[in-house]
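Dropping the structures in below, format is structure tokens.
Note that chain A is present in both complexes that follow, paired respectively with chain B and with chain C.
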Partner chain A sequence: MAKKTKDGSLTLLIKREKKVGFAFASPWLIGLAVFTAFPMLASFFLSFTRYDMVSSPRFIGLTNYRILFFSDNLFWTSLWNTLYHVMLAVPLGLIVGILLALLLNSRIRGIGVYRTIFYLPNVVSIVAMGLLWLWLFQPHFGLINQVLDPVYSLFNMDPIGWYRDASWSKFTIVLMGLWTAGGSMIIYLAQMQDIPKEYYEAAEIDGAGSLRRIYHITLPLMTPSIFFNFIMGIIAGFQVFAIAHIMTGGGPARSTYYFGYYLFDKMIMDHQMGSASAMAWVLLFVTLIITILALRLNRYVFYLGEQD
Partner chain B sequence: MKKLLIVPVLLVFGLTLAACGDREDIGDKTEIRFWHMSPTGSESYSEMRQIIRDFNESQDEYHVRGTGFNFWDYWDRIGVAIASGDAPNIAFHTLDNVVLRAQGGALANISELIAADIAKGEDTLDLEVYLENQLEFATHDDDLYALPFSGTTRMLFYNLDIFEANGLTEDDVPTTWSELETVARQLDDVDADGRINILGFDPTFGEGTYHGFLWQKGLDFFDEDLNPTLDTDEHLEVLEWMLDFNDIYSRSRLDAFGEESQMLGISPFAAGRLGMVISSDGLYQTMRSYGADINYGVAPIPVPDEDGIRVNWGSGFSIEIYDDDPEKVEGTWEFLKYLQDYDTQIRLAETLGFLMSNIPAMEEYAEGNPILEAFVEELHYAVDKVYVPYAPNWHAMDWMQYFEEGLAGRKSAAEVLEAARDNYIQKRENYERMQ
Partner chain C sequence: MQTAECKPKMKESRLTRPQKRLVKTIVLQIVLVSLSFVFLFPFLWMLVTALKTPQELLHGIEKFFPDSPQWGNFVTAVTTVPFLMYLKNSLILVFFAVTGTLFSATLTAYAFAKLRWPGRDIFFVVMLATMMIPPQAILIPSYILYAHIGWLGTRLPLIVPYFFGGGAAFFIFLLRQFFKGIPNELMESAIVDGAGHLKIFIYLMLPLTKPALITVALITFMFVWNDYFGPLIFLSNPDHWTLALGLRAFETQFTGRYELMMAAAILVMSPTIVLFFVAQKHFIEGITFTGIKG
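Moving on, here comes the complex of A and B:
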């Protein structure tokens, strides 16, 4: 066999490694192409068509987008509902997640059990969760209003209607979502473990109390995970749908009729796949723009070990 | 030891795989795929399987392979299957929108299949056994593109125990709206503190619908050209009648009554808390399945006092053939005829708990059961809701969002109708822009 040059062997090796690399990555690459890229391109094409999911799609140019922006009241209602949800759910989710993490970052007996308990809601099916909270939030017989009854009596006010009251329904869904804050809590806790103990020791020697240590050490060094959860929260917030579908059916008075819900109805109920695809692309761009704006906050994120 | 363990593990693995494989060897027979709503584990699964098996045993050329889906999953699956061109050969769908699939070219022409049978001198389906109204919904451009498979009708359920407790008998069951109001008030049972123990009737409970009440007055949501109406004084009058029926009680009390029923997890009528309710034969089947311990009867829904029309909202399933492949269509057509056959329809009614579309078969099925007999009789007065291409969901979400605001008192009846009408008009304009 002819002896290969050193360079030739290296090139061959790189090529072989590339092949092996692609072979190992191929299940994911094929999945990306078939299940993500193709549907995305298909929906982009469909957004310029009239398609009732029975007949062939027919090209109608920008009509779907024009209708959505200029002559569809529900489009704006659903977009507003979704923005409202994101604006409320994301910051509240961050605050509750951080508070839980701070609370459960202690060295007490059985801390693992507590952490598991707070994480558990994340593995509960959303349908079960919706039905459970439906009972808890029931205006007349729900546990929450029973507990709040003395407060209502004190202020001589009517019980809150929660999901049955259009002015409270969006907030009710946000409140319910906080039940799953244990998911972000795990990420915060993981990051807290990385904070060097020396920082706290030094602060303690300098006379910093626990609140100051949290404010000046823990929170700044948690900004990467806070930032991560912030971005993921925005993306997930714009996709809110299932819980409204289960709990409120988009009501009362369309107050929980989110963008995803309207998109679903356009496709399944109105048989307007083209219009639903256009909505999906609008949602993608809205989410993208807000995420890009949110990414500008990256300058305030402190990455441990990063050099100036 | 390890080798000893491998044997049982392989055995369990093999048995599991064998259990998963339910595919029979069909040899040279042509396979026909049939989708239904009796999935594995459901009460109707075994009998549905037996119905299919009986057909297969009678066949040399065709073999039907049935696939059952849960009712709630079924609609997404069949919709996607039709859209992707991978629909089964035969399946159920909703009768009121057959025209959508017929226009889209997804369905085989049933009229042509019947004509072909007649030309060959073979037995074919007798269309006389179906209700004309149902056949109309299965027709597009004068041809049948589906057949009615089941029929649903709505009636007034009345609780005889509550009637008797208030000194009333079956003779007092109301037949007009004014009688309905009078009897309902007599059946109400309210605590001194205002809590409603028993409510006589509420037109918004159960399956009472605004369009159903409009039909009884000869009105509708849309005119013949499918333009939204809803703007006459009579429309307003009917809606106000519905919203104000129980206005002697506060909305909060009525909501509390509704929530109590919701917490019970069963129909308030079945729980003995409603004196009368409008519902479909589905409520009868539910009460029968759960052994509801109340003495009740059914009657036609009371009609308006002047020129009231005996009519009710009767929805139903269609049975449709999705394949144009001549080899498959012939066998699928044979199977469809088998499903629509007199005896099979009775078996299907017993299996699925539906009233089927073959009226003579249903008359035999119901014989001796006064409730079912009344329902089969009422099928003749059942009308399905019109398919509106620009608002297929006109009776549900498109309407309910405004109706709920009226119920909650946030909008007056006139405002509800105006807002709903504006929404339909906008939907129509947008739909026309897309054409």
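Moving on, here comes the complex of A and C:
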């Protein structure tokens, strides 16, 4: 951009721009160093120590990791609970989000209203949402079991205990999470609407029905946003904590005691900072590996504009 | 969807094109209306619950609407806990978070979009990568750090990082795209006229990116207002509790009193819902932006 000014001031301008660039980025650069890079390095270091915030950290090598992996059942329980959550919540969230978007991707009346309605649960605070679903899933007076009552008597079965039943609690949390599938729907929808109309017209002339048009045009061209939501869903899924802290306290019988919950307890309740740091790095590592594996799917992602 | 597709196909020979389209539209509308009902019903149930007496709660769905709406539940919910104090605390955090995010995100985005400085492109990748770091990996040492400098028990851990781009990676990315969209010629003529980058930034760039700034402010508001994790960890002093924490405490204090819980929950979530309806366009643009350009 400095090219157009007089020759003499060119180098001066570039020099100045360097300084100005750093100056403008400095709040973020400082933040990166102080609030991100330093804590990350520090937690890596702490993961090899025993530290209770009273006496100073003591280096114990890989002991924290060894204890977690080989003699801490709760670690494996919480990791399993989290994997269960991710494996159910991410695919179901994708499917519901895509289906909602496909339904709204048509030229009929009231699309804007429907879009608002489906998105609305996303603006609700997680605590309010937790309380609401505690009430809806309440095993005795809750609405859901009342509605299902005829079904229960038809199959002669006991009412489901939902979050009060260790074999249903994780699934209950996944299920209520689908209420917010409208968040990803918005992203899918925006991408669907970027697909040139000519593609559909051409397909229609060739005699492709709606389902085939969805399968051969819409879905392939949506892959970038599917991919984006997939990765983000995995990252968010591994951090599941708040909803369990609000609704179940990690129970019943530790069935919703997620990885993030155990880490929270270690850190805030027990002040086992070394062991908690080791858990944080395990989490980082697991997330990283799965994200990298997911990134390999990138080759199946179509980007509009790359093909012509 | 499937019924919408299959039905007309089977009767292909009998139905004309406009008829097929009509059938499809009707089926689609029925599906959408039923789905809307499913999505909205929890809100409705929340409201009718908040207006019931504890006895009416036990009748569940048989007594859908209360005999006489108990508006007093809202008063009870607000007066039995220090609701106004929680509100004030939430507003304090929201105010500083929005100010801090706007400050750091705009400056950094400008540096990434319009200025050339060594390491810029690497830092940009680093910034995108920070979005993927689990907060726990950062949290523990930060917690220790704050404990050492005496910030635990104060609001500072939930205020200061925002002024240094904390949690702003997405916004920086968003604003960078906006700044990039502003033609360089505008800047160049300002430079020729003797304006420095700070002047250009304040008088040229910021006014031109107003819609994006509103989006950033709104999403930050929403996030901080609804945030549970941050306050839970750092606000050990109950006098600093936000609405989110207060609402959580409400649950333990009034176990089983769902009518009061729902009344309190409605009060806590109504500002975000109103805000969403008022500024829907800004929200949706901000959210779709990430998924598509990202």
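The working rule: the second predicted complex is superposed on the first by the 290 of 308 C-alpha atoms of A that agree within 3 Å, B and C clash if a C-alpha of one lies under 4 Å from a C-alpha of the other, contacts with A are read in each partner's own complex, and residues count from 1 in each chain.
Just so it is clear, contacts are C-beta pairs under 8 Å (C-beta built on N, C-alpha and C of every residue); 3 or more make two chains touch, one makes a residue touch a chain.
Here the structure is a predicted model, which means the values were calculated and not measured.
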item	value
Side-by-side fit of chain B and chain C on chain A, or clash	clash
First (chain B), second (chain C), both or neither touched by A:71	first
First (chain B), second (chain C), both or neither touched by A:42	second
Which of chain B and chain C A:157 touches, first, second, both or neither	neither
Per-residue contact with chain A, leading partner among chain C and chain B	C
First, second, both or neither for A:269, with chain B first and chain C second	first
First (chain B), second (chain C), both or neither touched by A:30	second
Touched partner set for A:253, first chain B, second chain C, both or neither	first
First (chain B), second (chain C), both or neither touched by A:20	second
Touching partner for A:95 - first (chain B), second (chain C), both, neither	neither
Chain B versus chain C as contact partner of A:146, first or second or both or neither	second
94-102, 166-174, 256-264 or 400-408: stretch of chain B that collides with chain C	256-264
Footprint overlap on chain A, comparing chain B with chain C	53, 135, 138, 141, 268, 273
Footprint of chain A on chain B - complex, ascending	75-76, 79-80, 82-83, 100-101, 103-106, 252, 255-256, 259-260, 262-263, 391-393, 396-397, 400-401, 404-405, 408, 410, 423, 426-427, 429-430, 433-435
For the chain A and chain B complex, residues of the former touching the latter	50, 52-55, 60, 63-64, 66-67, 71-74, 135, 138-141, 158, 164, 166, 249-254, 257, 265, 268-275
Contact set on chain A toward chain C in their complex	1, 4-5, 13-14, 17-22, 24-32, 34-36, 38-40, 42-43, 46, 51, 53, 99-100, 102-104, 106, 108-110, 114-121, 123-128, 130-136, 138, 141-143, 146-147, 179, 182-184, 186-191, 194, 209-211, 224-225, 228-229, 235, 238-239, 241-242, 245-246, 260, 263-264, 267-268, 273, 276-277, 279-281, 283-284, 287-288, 291
Residue ranges of chain C touching chain A (in the complex, touch as defined)	1-2, 4-5, 9, 24-25, 28-29, 31-32, 35-36, 39-40, 42-43, 45-46, 49, 57-58, 60-61, 103-104, 107-108, 110-112, 115-118, 120, 123, 126-127, 130, 132-145, 147, 161, 163-166, 168, 172, 184, 187-188, 191-192, 196-197, 201, 222, 225-226, 228-229, 232-233, 243-245, 247-248, 250-251, 258, 261-262, 265-266, 268-269, 272-273, 275-277, 280, 284, 287-288, 290-292, 294
